[in-house]
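The structure under discussion is supplied below as structure tokens; questions concerning it will follow.
Letters are used for the chains, namely A, B and C, taken in the order the chains are written, and counting of residues starts over at 1 for each.
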Amino acid sequence: MRRFLDLAALDREEVLDLLRLAQRLIDHPEPRALAGRILGLLFFNPSLRTLASFQTAMARLGGTAFVITPGQGTWQLETRSGAVMSGAAAEHVREAIPVLASYADALGVRAFAEGKNLESDLDESLFGLIDALCDKPLVNLESAVNHPCQALADWRTLDELGVPQRARFVLSWVYHPRALPLAVPAAALHMAALRGMEVIVARPEGFELPAPIMAKARAAAARSGGSVSESTERAGALEGAHVVYAKEWGSTRHYGDPQADAALRATLTDWCVRESWFERAAPGAKLMHCLPVRRNVAVADAVLDGPRSVVRREAFNRLPVQMAVLHRMLGTAAGG
Amino acid sequence: MRRFLDLAALDREEVLDLLRLAQRLIDHPEPRALAGRILGLLFFNPSLRTLASFQTAMARLGGTAFVITPGQGTWQLETRSGAVMSGAAAEHVREAIPVLASYADALGVRAFAEGKNLESDLDESLFGLIDALCDKPLVNLESAVNHPCQALADWRTLDELGVPQRARFVLSWVYHPRALPLAVPAAALHMAALRGMEVIVARPEGFELPAPIMAKARAAAARSGGSVSESTERAGALEGAHVVYAKEWGSTRHYGDPQADAALRATLTDWCVRESWFERAAPGAKLMHCLPVRRNVAVADAVLDGPRSVVRREAFNRLPVQMAVLHRMLGTAAGG
Amino acid sequence: MRRFLDLAALDREEVLDLLRLAQRLIDHPEPRALAGRILGLLFFNPSLRTLASFQTAMARLGGTAFVITPGQGTWQLETRSGAVMSGAAAEHVREAIPVLASYADALGVRAFAEGKNLESDLDESLFGLIDALCDKPLVNLESAVNHPCQALADWRTLDELGVPQRARFVLSWVYHPRALPLAVPAAALHMAALRGMEVIVARPEGFELPAPIMAKARAAAARSGGSVSESTERAGALEGAHVVYAKEWGSTRHYGDPQADAALRATLTDWCVRESWFERAAPGAKLMHCLPVRRNVAVADAVLDGPRSVVRREAFNRLPVQMAVLHRMLGTAAGG
């Protein structure tokens, strides 16, 4: 495996294979599997879990990692093609990516959506450039509209919980003070669809997920025997839910317009997950969230601290699934 | 050992045991003792020695470490229980601590005093929460009113110098432009008391160490055959001193009131350690300081660069004593 | 080897020896050569290649590294002797350097020129102090007027390209929005002179390299059979060039005077390397640059993306030459 950029690049069996490898690496640790291998981690945006879990994943397999953070110890990097670089950025990714790749055995890169133009972000134009510039294995640590490591960890979490393939998975928009990217909702939607679940996207008017993201998920659902629908009626959507996957994202109607987005979301502060959301859910319904989560803004303390919450397990599962990805990319049996 | 949060949690023999282990790891290196073990380091506040020496300690024992710094590559973390998180902090320690602990084999956390309310800081309420949230071994890298790694390193330094158990140990307040926390003076006081020394706290009026800290040290002294007293008469306190332990701290009379603290300390700039302080000290009296030290503000160049100063040795000793703590926590013989 | 501070401290044969070792470590990896060895990296200034390649170099040889960045997770460090430290800096290098050295087996330090007084920067007074304070092997990661790791990587690049010893090496000033230090031009000039090349420094009036730097290079050239000249006539200088080494630096006429420097350089924006620069160069002439490079400001896209550019190779070569330096310093056969 040379690329882990989008769960959609794998078919269902390949995902299950990776998940089996993750479990195997837990059951039968391989502390020297990646001895001498080096992962370069480039963070254009902040991180906690990704930063910690990728370094840990390499260490648990005997390898090492280094971290580069433009703007923190390293200068800003330019990403626009053809730019006349007379501003703040001192170096272009056209140099930085190949150079870092030349030192490491694999790169992981985090580069969030610019959040100005929806088409451009949907195109993953920056990650496409990074992909083209990197001649080593490459992992997406969250791009404009994707977060495959989170999606794979979430799939593993659902399996661990024994959530049936056909269970009802409600991806619900929740409130946040600012417009956040579409990467996690898009990745979670696709994951649940590819897993074959009955997926409902519950979100207010103006927060529709973009048509290409919905269409891609529907195609995956069709192949896996699942379904994808959407609704603005939260209460109805939550009925019979086995899993509520809470996530904040920006208005797609007002993409790139923070004022209009703010005005719209200001009326939606009741989209904070409370215990009452589960009144007509399936027995034992679970609350998922990728973290970080703003307590009592996106999800109430009572839910996060109660038995429904599996957010810590999702976060832990980043480690084994990333170990599987790295093992597949860099292990001695890796195709290369 | 699952916790290293306060030297006071150990009795004298347990401290001596740790110090023997530190020496053993210097004399007989164990470069694979912690092979495959991972230490997560979380820094809410800046660091130089702690940051470098804990990474080094793990490396010298064959393990690895990762570093998370809220506000530097990672977002701010909320620490208040029940907070409605609509401000700058994007994640709560209630998620961050268990998640980081789930990746690592042990955590080290630095979280200074808030400096607003003395009772709250004396309660170590934040570290108590972190302790409760962490189901892996936990090391205090400096909390509101404690710094056990520094205290243990200082004990080792006193032993190396051959300072007798009953020698006179003067913990002297020194000037600093701002109010600093009580963690190091409290930890050094307790260490010297537990070691059985004749301890005198020399400090100006308004800079008394809090009664609970003094009482705890007196109890330790009583068990070890030492004594603890305090004085505002610096010259008298320094008479016959074998060790002067210089430290800056904030006014406890004006705790949480920077203006009143500043007004009081403005008159105290002569509390800068100079060679004249040692005129009536014991022959060969030593100057200790935990670092960082502001030269010619807290301690004069001539003292720091002269033969009395053992500040570099104290700093180096962070490494062996922390290796001992980590070895006790994570070595194969660790109780767990 | 205890110091790698200046390529000029080595004679030609010693440089060739290091380059042979670099090649040997590529051909015959030694993944355990520095097992258990620890490199401390102290960055007073930002970095990308140095930060990544030194961590990688240690990892490829089985060792580890830690990074300290004053102002980013660590407080500011004072460097002036005798300072009364009542300002922003909380610690002096007189403590920080020996302490960090006591933890590590070697230190690497980056400390750029202050850029205020040319004589002071030419003296390398800060690096001289660091040198005196460090009782472990020490590597210069770029100082006021030197960058020996870059110079050594560039020499290796020239060898790999088969550039003959006597070939024409044009070190050309190029435009940048601000005055940059003299470290890389001085190091590249010396390297090419010591390699025995026909070196020409092409630069506008007011950007003469300082006389001591030119004299030192001329002396090296004399020993190696090369030559060093300089010119303000760019077109003539480029005639017959086998290598154009582009580099930005500040006006030496207006050293420490940003306004006067800015006024002078504002007229020089045509010093941006374009394909036309190579019209009368030798066939297959190469473009070198140490990176980071501002595209379309210092060098045009067409040149950087074309076959002349060897900038990525120069950057990669930092890794093997630094592995050689570290191996020589810390390997079991190291003199110590």
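Keep in mind that, in the parts below, a residue touches a chain if its C-beta (ideal position, glycine included) is under 8 Å from a C-beta of that chain, and two chains touch if they have at least 3 such contacts.
Just so we're clear, the structure is a prediction, and the values are computed from it rather than from any experiment.
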**Asked** Which chains are in contact with both chain A and chain B?
**Response** C
**Fill in**
Across the interface between the identical copies chain A and chain C, with over half of residue numbers shared counting as same and under half as different, the residues used are different
**Prompt:** What is the distance in Å between the mean C-alpha positions of chain A and chain C?
**Reply:** 40
**Complete:** Residue numbers in chain B touching two or more further chains are 64, 72
**Prompt:** Within the complex, which stretch of chain A touches chain B?
**Reply:** 29, 31, 43, 46-49, 51-53, 55-56, 59-60, 62, 64, 67, 69, 72, 177, 291-297, 301, 304-305, 311-312, 315-316, 319
**Fill in**
The answer for chain B against chain A in the complex is residues 35-36, 38, 40, 64, 66, 68, 72-75, 78, 82-86, 90-92, 94-96, 98-100, 102-104
